[in-house]
Structure formats: C-alpha cells, structure tokens
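Both of the next two complexes hold chain A, though its partner changes from chain B to chain C.
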Partner chain A sequence: MPDSFGIQEETRGRAVLLRVRGRLDARSATHLLEVGSRVRARNLNLVLDLSGITFMASSGLGSLLSLAEEFRQGDTRVRIASPSAAVTSVIHLLNLEPFLPIDGSEEEALHALDS
Partner chain B sequence: MSGRRERVLGIRWIVTLVAVGLTAAVVLSVGAVAERNARRALTSELTSRLLLEARNLALTSSGVLLSDFPELTLHPLLKEKLAKQPELSYAVVVDYAGIIQGHADPHRLGTRFAEPSGLRPVLDGPPRAAGETLRRSDRELVASVPILHPSGKRLGHVVVAMRTSYVDAVIERARRQQSLILAISLLVGLTASFLILSHVLRPVSVLRDGIRRIAGGDLDTPVSIRDGTELGLLARAINDMAAELKRAQAEMVERERLAREMELAREIQGSILPSDRIVEGAFVIEGSQRAAAEVGGDYYDYFPLPDGRIGLAVADVSGKGLAGCLIMSMLCALLRADRGVAGSPAALLAALDERLGATLRRGSFVTMFYGILDPRTGGLTYASAGHNPTLVYRRSTGTVESLRTRGIPLGAIRGGAIRATLEDQTLVLEPGDTLLQFTDGVSEAFDVEGGEQFGHDRMMTALRETASGGPRGVIDGLFERLTRWSGDGSRLDDETIVVLHHDPEHAALAQYEEARGRGTSLVLDGRSDPLEPIRDWIRSNPALDALPAPERDLLTSTLYEVCANVAEHGYGHDARREYEIWWLPPKGNGARGAMERPAPETAARHLRDGWFLIRDQGTPFSANHWKSQDFNDPRVRRRGRGLGLEIIHRTMRRVVYTPSTAAGNITWMCFGARAAEEATHAG
Partner chain C sequence: MPSTPDPFVPRPTETSLPEAPEPPVTAAPGRPVTAPPEPDATGHALRLVARREHELLALSELSQELTISLDLYGVADLVLFNLMGQLGTARAALWLISEHGRSAPVLLRSHGMDRRTAAALGSVCGGWLLERFTREPRIVPAGEMTDEPARAAALLARRESIELFAPILTRGEVLGFLAIGPRLGAGSYGPVELQGLQTSLGMVGVALHNTKLYNRLLENNRQLRLANENLMELDRLKSEFLSNVNHELRTPLTVVIASLQIVIETEKPAPESAEFLNAALGEAQNLKGALEKLLDFSELRRNGIELHLESADVIEPLRRYYEERLPGVTQGLRELAFLAEPDLPPVRFDRQRLLQIVDALVDNAVKFTPEGSRIGIEVSRAERGGRSWARITVKDDGPGIAPDHMSTLFESFSQVDGSATRRVGGMGLGLAMAKQLAERMDGTLTAASRAGAGSAFSLDLPLA
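And now, the complex of A and B:
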C-alpha cells in the first residue's frame, strides 16, 4: 500500500465516516485532528476507517486518543473500523482498546454508534 | 635409528685381515731374504767347488807336465772329467809356454791357449791363493790356478770353466723348493691366524647384534657372552644399560600419560569458566584466572538468573591435581542446577554443602563466595562459606572496604552444621563503585624470595589504584602487580579474580565497542525520515527480515520512535548531524551480516536474545526515571503525548539510556515481552 496520506469523508446519518489511508505520523496526524475537530464541531459521531493505514507513529496514535477524548466530552463518540495490522498492533501493545473501540467494518461501527 | 640396516665392515674381518696381512708380509719378507741368502750360498759353493776342481787338476797336472808326453795322460783324464761333470764346459791344462797340454778335445792339444774374452773378475767368492783367479762371463764361470813345481817354479796353469746355466739351474731348483715351503707356511699361517682371530673376536659380533636389538627397541633380550676379557665386561655393561633404558622408558610413558590427563583436566577446567564478561544494565562483571603449573580447583562464574538478577560465584577447592579439578566440575554442575531454584545466597551455599558433603573426602572442603546482584537497584546480596573477604572500592570516598562474613567452608563439617554459620549480607554498589572477589592464590602469592605474601593490604591498595579502569583495568593491574611481586616463574596456586563494577558509562561504552565489533548498523541524519531506511535495513538483515510480521512491524515502529526522538529532541532535525542504530545478534549466531535466513520462530528467539544500540551526539534527555503513563486519566489521553516512549518500553524488555559518555548518548535495549513498567535511565 502506498504511504501517501489521504482522508476521504462521507456523512452517514449522524456520523461522519473518514477513510484514512497512508501513513499516520506527526505531520498527517495534525491534518486528521483538524478534520476530526470539524466533525466534532458539527456534533456528529466519527467512524475512522483505518484499513488503509500503512504505518502509525506514536503521534498518530496520540491523535486518535486525543480525538476520542474530545468527542467523548461532547457526548459523541469515535469508533475505529477495520484497522490495519499497523494500527491494531500498537493499540494492543498499549492496551488502549477501552479508549479506542474497534469494529470489524464500517457498518459495524456505524451500527454500534446508532445503538 | 633408520630402519635400513647399515652396512659396516666387521671388526672381526678388519682385525683378521690386518693380522693375515702382517703375517703374509713377514713370511714373504723372510722368504725373500732367505732366498737371497740361499742364492749367495749356492753361488759361493759352486765357485768354491770350481776353484777346488781347478786346484785338484793343477795338483794332478804338476807331475804330469814334467813327463815326456803329458797330453797322453791329461787328455783321457780331462775327457773323463768332463764326461762325469757335464756342468764343466771345459778344462784345460796349459804349460808355461801357453801351449795346451791337456784338453778333452784332442784337436786342441798342442795349440796355443787363447784366454777367453769378455771375462770379468769375480770380486767375492772363496779366498784365492797367489796366481789363482776367478772370472766370469754371462755364460761361464772360469777358475784359473797355476801349476807349481814342488820347488815353487811355475810349470803352467789350469783353466776350468763351469757353465753359469748350471749354476742358475741349481739356484733355481733351490729357489723353487724354498718358495714351496714358503707358500705352505704362508697358507698355514694365514689360516691359523684367521681361525684364531675369528674365534677370539666372535664376541664382537654378539655385542654388535645386541646393540642393534637395543637400538631397535628390544630391551628384553640380553647380550649373552661368556668371556673373561673386556668384551665380557662390555656385554654386562650393555645389559645393565638396556635394563636402565627399559625402566626409564616405562617412567617416561607414565609421565606422558599423566601429563596428557592433566592437560585434558586443564582444558575441561578452562571450558567451565566464563569465556567473556557480562554487561547488565550499568554493571559490568568480568573474571580472569591464571592457572598454576599443576591443574587446580579454583572456580568462578557469573550468570543471569530467570528473574533478571545476576549470580556471581567464586570458589576454591582444597587440594590440587585431578581431585581438585573433579570437585570443581561437580561444584559447577551443582551450582548450575540449583542457582535458579535456591532462594538466598546462604540457602544456596547450604544446599551445595549438603550435596557436596556426601562426595568430598574427609579433610577436603571448598571455600565459596556467592552473591546475587539486582542490576536495577545496584543491591548485592551475598554470603560466604569461609571464603576471602569481599573488597569494595567506594568512589565517593576513595576508600576500600573489606567485608567479612561468617560461614565455614563447604564440606568442612558434615551434617548441615554450616547452616548455622551462613548469613546473607547486603550492600549497594553506587555508580563508580567496584567489588573485587578472589581466591587465596592471589592474596597468598609469595614474593620472589619466598618470604612474604602479597596480602590483603596490597590487594586493597591495588584495587584503589586501578578501579577507575573498570574490571579490565583492575584485573590487568592486579595481575601485573602479582607478576612483579612473585616473578615470572611457575605459580603454585591458581590466581582467580572477579570484578563487579558499577559504571553506567563504562557499561554503555563496552556495549558500543561490542556493537562496532560484530553488529550491523544503520546511519541516519537528524532530518531524514527514518521509516523507509529502517524498513530497508530490516529487509537487508536476514535475521530481522525473517521475523513474523507482527514482530517485524512492532520492531519497525519501535525503532522509528527511537529515531524520531533523537531527530526531534536530540538534533532538532539538523540534517548535518548523524546517529547510528546497531543490531547485535546473540553470540554464536554469526558475525555481521553473515547469518543465513532463519526460520521465523528462530528469528523471533534471536531477536529476543540480541539487542539494539543507538548512539547519538545530540542533546541528552533528562535523567529521570521513565514511568508508564496512566491512560485511565483522561488528561493523559487528551494530551496524547509521550506515546513514543510508551511504545519503546512496551516493546523492549530492557532499555538502558546512558547520556554524555565519551562516545555520546548511548541507548541499548532488548526486544522482548512487555517489560516491567520501570526502566532505567542511567547517568
């Protein structure tokens, strides 16, 4: 998979689906935070499809944690859908599943948010 | 001695030939002289006979010449004489006028006598009277005698000639006779000489054969000679020499066998001892031993324990030789079996005493020091079973402490009495402190004169003076002092030294040196994005590339976080400044890049047994102990920072950061299961 970063946005009901691909490091994490903050400002839930992430640095992980906490404060939620191995390995390593819930697919994540 | 038999000329033959030659020379010389004398005698006799013939004829002719017809008497007389004496060539009677009056040939009668020509006088021969002559030519010997009247008046002369061929024939006959006798004498003499000498010199051959057998390795067959001469004496001496050789040979074989066994024991002993130092955290442990001439029973060892602590043992078996070596081997085996099981050092020593006690002979014992180091805290718990005091150099004060403990040697008293004497002690080694343990081969080494021992005071001084050099400096410095003290001669006892040194910088530099020696590296600058170089580096190293994908991804992430920290915090993203990442596989698994691609599970094991090292010369981090973050705290989650260190410390079971060493900031770490929450930032 190419490392070049990109975010594809799709609104699905009360959630926004962000398909993130490429490398999630210090530079791209800033961009993700900006996009995520805009979603948060609309008071919508966020599903992050991270299946296209080829590499996640600590700053990328930190951006996910930070986003999740920001959404939690506003009664909205963040869920991670079909994360790549690069994402799950780091989340598992630091035992962050309680704070970054993972679903197997976008539909599962959207369904979890609805319920 | 070559296998080929040398061809030599036997002394028997030499002596015999010389004797025979001498005998022949003597006989021939004597024969030659005898022949010459015989020839002379014969010649003299014949000339005398000729002269006598002439005289007799002169005497007979003196009366006949006065008769009227002397020829009538002389002719038949001479004819008959010549017939009876064929050696006479002629006989002539000549009167005073020179006319032949007597001749065997009647035609010569009355003719004038012509003196034969070509005659030369015979100088030797019988004495002659006046007027008598003896002359000779090549063919004849001629005697001339005057015929005298009783009144003395000369009436004529007689000439009688003898054929020299007759003389020569007579002499020749005599010579032949003599030669025959000579030849027979020679033959008999030579044969007798040969037989006698051969018999007399036969023992020489026997001696020669005997010496050949001894040279060929046969020392069991004696030289058998019954001889009362020097040869018999020589034979007995050779037999004695062979017996002595045999005994010496047996002793040499036995000595060589013992030497081989001792050498084997020494090799076994050497193979049991640690081959290299240990670096654990900020601690370096290193030992060394100089063996005595005779294999002994000194032992030392240091090893990681399952819980991350380090065991350290030094022991001295009483007695030398194979017995000491065997006990040392047993001790090593028991220690390796019990070290992970026994609790405290005192408990371990008690357990060893119980096991060894059944095996040690009465009077044999083992002194032993055993300690357990916690490299996280620097604390050492130790106990001693009658061993030497522990010396500790304190950098803060510049002094050396001598720490004694109670405890009797292992095996000294049977039945477990040792338990009441053993006690665990503890000490803490601060940065810069050095601990020294040793065997009494060091402290009790005698000086060159053999009058004074090296002693503890000198050891404490040596430790204080060399501690700054780390374990190697202490070991080399102490051995050098011992060599100066005792000289270069053979040692009576093993000299064993073990040094435990707390020096983060030293440990880090030692690790860096080892990395440079056998590791593979990746060099990055402060600005480069490290991700692709790290991926390429991992791919290029078969041992790392063979990792299962999850481990490989975690390793990539971890190394990336390390590099990102260095580049950002250490170098401020300065492209001009470089840093290095090193990977060292476990020892014994090939030098840099020489490994074949292992199986994934093997690669994972090697990854855990090897270690990584990062060296940079950027701004060092603060020397605070790292602590794991509490993600239950929403503030921590909201901040979303510090996750890089979290990833590093969760991936690496051990992380040691030593800033500002002589080579820069050095971090070394070992990949493994999730480590404890605390790691060490040294310095």
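And now, the complex of A and C:
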C-alpha cells in the first residue's frame, strides 16, 4: 500500500533522521508529533525526509509547524529533506520556507545542521 | 542563537501579501493547488486564489477529520493541527469550560507552546475571555485587550506570541476557547482568514458538544453495567448472610427433632398428645429439609473469590478496558492515555480480577486528581527478584500522596468499611481488596508517590 503511513528512524550523530512516507493527515499527524517529541526529549536535532509523502493535509502541515516551534524553543532545529511536491506546494504557498527550511537531500540537511 | 532574525518571532502586522519573487507552486497529488509561478499581478491574484483554495480544503478536511475521534483530547489535537495548517501558525491551544462550576477553564491541548505556560495563560486570561465571549461571541485580537481587567492577560498573551482568542460555541453557549499565534509567512489575519476560522469554530463547537454528549452516554452505560454488577455482588452477600443464618437455625432444629423423637419413642404419650407431637416432629423435619436445601444453595455461592487463572495476552483486555473507560475520564476533563510495550509474553492472570484492580486504581486516580490532570495506564516488562513480570502501572500527575498516608494506603479502606469486601460506589473495590486480589494472582501491588509530583500504582503479575 503506497499510501500507508510509516516512519523509519535513524540516529546520525547529533541528529535523528526520520523517513516519513504515506499520507500525512490528521490520523498520522499525532503519530509524527509523538515520534518527533521523543527526539526532542533527547535534545537532538531532527531531519524529516519527506520524499515519500504522497499527500499532506492541513493537519499534517500543522504538525510540522508544531514540531519546528517546539524544537526551536528547546534550542534544537528541524530541517526538511527532499520533500515531495505534496509538501513543497503548501510550504511555498504559505511562505513557510524560513520556518520549515528545505534541503535537497538528507546529507545536505544533516550538513546544514552541523554548520 | 543565529544573528539573523528569528523567523518564529512574530513580525509587525502585514497589511498585504508578500511581493514577488514568489517560489513556484506545484500541484500535489490529491490536494491540488492551482497557482502558477507568475511574478506579475496575475500571478499575485492566482496566488490569492490558491490560498483561498487551501483554506477551503482545510475546512473540508476539518469537517471529515472531526469524525475521527470520540475523545475530547483527540478532537482537540485534530482541531489545533488543522487550524495551524490552515492559517500557517506554529502556536495554538484549546481550553474547555468545566461542567463542575470551576471558574478556570481546563487546558486540553497546546501545540508549539509549553503546557505549563499555556495553562498559566488560560488561568490569567480565562475569566476575562469567558465573560467577554458570553457578552459578545466573536474572535478577540489580543491587541484589543486594553481595558484594565484584561491588561495582565494581554501582556501574557503578547509575551507568548498569541494573536487571537476565539470562542467555541454551541447553541449560543460558550464551551471553551482557542488561543492562536501569529501567521508565520502568509501575512496577517484578514477578514477572509477570520471568516474561515469562524466557520471552523462552528464545526468544532458542534463536534465538541456531540463528543461530550456521546461520552456521557457511554459513561452512563458503564455506570449502569457497574450498578448491575454491584447488584449481583449484593446478591452474593445476601447468600452469605442466608448461609450464616441457616447454620444458626439448623443446629437448634436438630436438637428439637431429636428431643421429639425421644419423647415419642420412650415416653409413650397419650394418643392426643402423640398426635400433636408427631405433627410437631413432621413439621420440624420438613423445616430441616428446607433448610438443608437452602444451605446447599448458599454454599455453592459462598466460595468467596474464585480465580480463573489463564496464561494469555494481558494487553488486549487492558486496551479494551481503556477504550471503555476513556469517554468517562475525558468527560471529566482528565486525559487518559494507554501505552503498552510490544511483544510482551503471555501473563498468568484472572481477566475479571485484573480489570477490577485496574479499575480501582483508575477510580482512585480520577478521585484524587483535579481536572486537567493526566492519567496513564502503562504495560511493560519488569525484572525483579530474579523473575520476569508484566508491570501494569496506573500513574497520574496529580498532587501525590502525603508520606504519612503511604504506609497505610492499602489498609485504610479495609478499616473504613470494617472488612476486606467492597467499597461503596463505583466498581467498589478499594485499594486493600485490589492488593489482596493481586496477591491471590501471585502478584504484587505497590505505590510510589511524591507530594506535588503525582502517584504511580504498579501491579506486577508473573509472566506465564
């Protein structure tokens, strides 16, 4: 099922990489926030690889914004790697690039967090 | 912190949308966004259209999403995430008014805001906002809160980057309210965004009202079932009582029968007397027969607590219990969570007794925590005393238990009702009975608490 939601987690130094796939909607937003919050509790940065997102509802965007804000308050950061068109279209539309910084690949995002 | 301006710090209010150059907007599968990458006036207009389309889609999504959860906290999550994505803000929180006459509204959820800070914001702003919303049910920009009673609230709202407070209404009654942060990249809140927010809030009000009603119905059903179980328990106690009485009656009756038989057989009474004595003997023997039948019946039902131990998955019955209990607990504006460690081996337990223990612990947590508290049921594996256990913990973030009460925690209820039987009300099992049941299943029940830091009751059951 290409649309089924899933998160794959990998720790890379001072960051955790979450590869998220499927529909990021109201049902999966809470799940993403829970996983992200566990990363935040470890005081690590977060890279969200959203290349596998097939659909992003408003709730999905809300969960991304909530995560980014909560990481910011904890002096850690969130970056988005190689998002699909479903993600970039909404981020661009609402001019949210400064708050949800986008990188072309996971490595670029990890590098940006190191710099 | 970087020297560049912090993108999350709210900017001065914008009166128009950002100018070109605009990034390209690409249609997404299933959620089309139609603005083409035009930097001119046409592109600007198309971009506006695309944003309206985004807001309409968000409204449509909200109407569907509100059917997903029947838990007040789940609904609060859905609402906040949708509105944050709809409006492009990173901060939002939702409060409901208690049905129990408390003045301070209860914070259900906050996102992008520390929970304690959000709770403080609700405490400071709640009274003023509720009075205002009752008088004038419309969205209030924090900048409008300039009159004296609201000044402290406005200061705190500004410090927490809250731009709007919005009432949640149903049938003209204020159910609660939302706090919403600044729009991050898409300009200020204009009439169109406020109209969209107002429309969303209408749906949210109906959904929260229906959720509360539904939860109340489910909780009433649960209470009825418990009342029925209590009646059955009373019936059992009645049998116990009958059994005791029966013993008391049968002993003297045996003496009466024996005496009558001796008189009839050895004294050779006159025929008139013999007739009365034989009648008395016959009735006494009938009475004894009836008593013995009653005694057999009572003893069958008098075996005390009979355990039906099985080796099975403990998570499934606990999850079902959680789902049944959730509406009533959240209806009382307390959050109830369930967390189970995967791949837990089978546990040796009595299903009914396990649920009675957990119910007693959840009852206890509800009773001794204020509204807005969090209660959790957690299932995990524990190693203790060289053995492996399934640990079922019921924890809360309430005021905790005073140290001088800890030592008598499991004895106090048996002292109160004078027996190790049931407590009055609810499922009726006190902590003392819960501990006894745990031990009957070869388990343990322990408590840990710190004043001001909540309590945790842990039931350890042996793995099969």
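Here is the rule we go by: the second predicted complex is superposed on the first by the 114 of 115 C-alpha atoms of A that agree within 3 Å, B and C clash if a C-alpha of one lies under 4 Å from a C-alpha of the other, contacts with A are read in each partner's own complex, and residues count from 1 in each chain.
Convention: a contact is a pair of C-beta atoms (placed from the backbone, for glycine too) under 8 Å apart; a residue touches a chain by one contact, two chains touch by 3 or more.
Everything numeric here is computed off the predicted structure, so don't read it as measured data.
Q: Could you tell me if A:L65 is touching chain B, chain C, both of them or neither one (first, second, both, neither)?
A: In the superposition, A:L65 touches chain B and chain C alike.
Q: Let me test your reading of the model: by the given contact rule, A:T30 touches which partner, first (chain B), second (chain C), both or neither?
A: second
Q: Would you sort A:E97 into first (chain B), second (chain C), both or neither based on which partner it touches?
A: Once the two structures are laid over each other on A, A:E97 reaches chain C alone.
Q: With both structures placed on chain A, which of the two partners, chain B or chain C, ends up touching more residues of chain A?
A: Greater contact footprint in residues on chain A: C.
Q: Using the superposition described at the top, list the residues of chain A that contact chain B and also contact chain C.
A: In chain A, positions 25-26, 55-59, 61-63, 65-66, 68-70, 72, 85-86, 89-90, 93-96, 99 sit in both the chain B and chain C interfaces.
Q: Spell out the residues on chain A that touch chain B in their complex, using ranges where they run on.
A: It comes out as residues 3, 23, 25-26, 55-59, 61-66, 68-70, 72, 85-86, 89-90, 93-96, 99.
Q: Given the complex with chain A, which residues does chain C contribute to the contact?
A: That would be residues 1, 6-8, 18, 22-31, 33, 35, 47, 50-51, 54, 57-58, 61-62, 65, 68, 74, 77-78, 80-86, 88-92, 111-112, 114, 184-186 of chain C.
Q: So in the complex, which bits of chain A are touching chain C?
A: 25-27, 29-30, 33, 54-63, 65-66, 68-70, 72-73, 75, 84-90, 92-99
Q: Which positions of chain B touch chain A when the two form their complex?
A: 531, 549-550, 553-554, 556-557, 560-561, 564, 631, 634, 637-641, 643-644, 646-647, 650-651, 674
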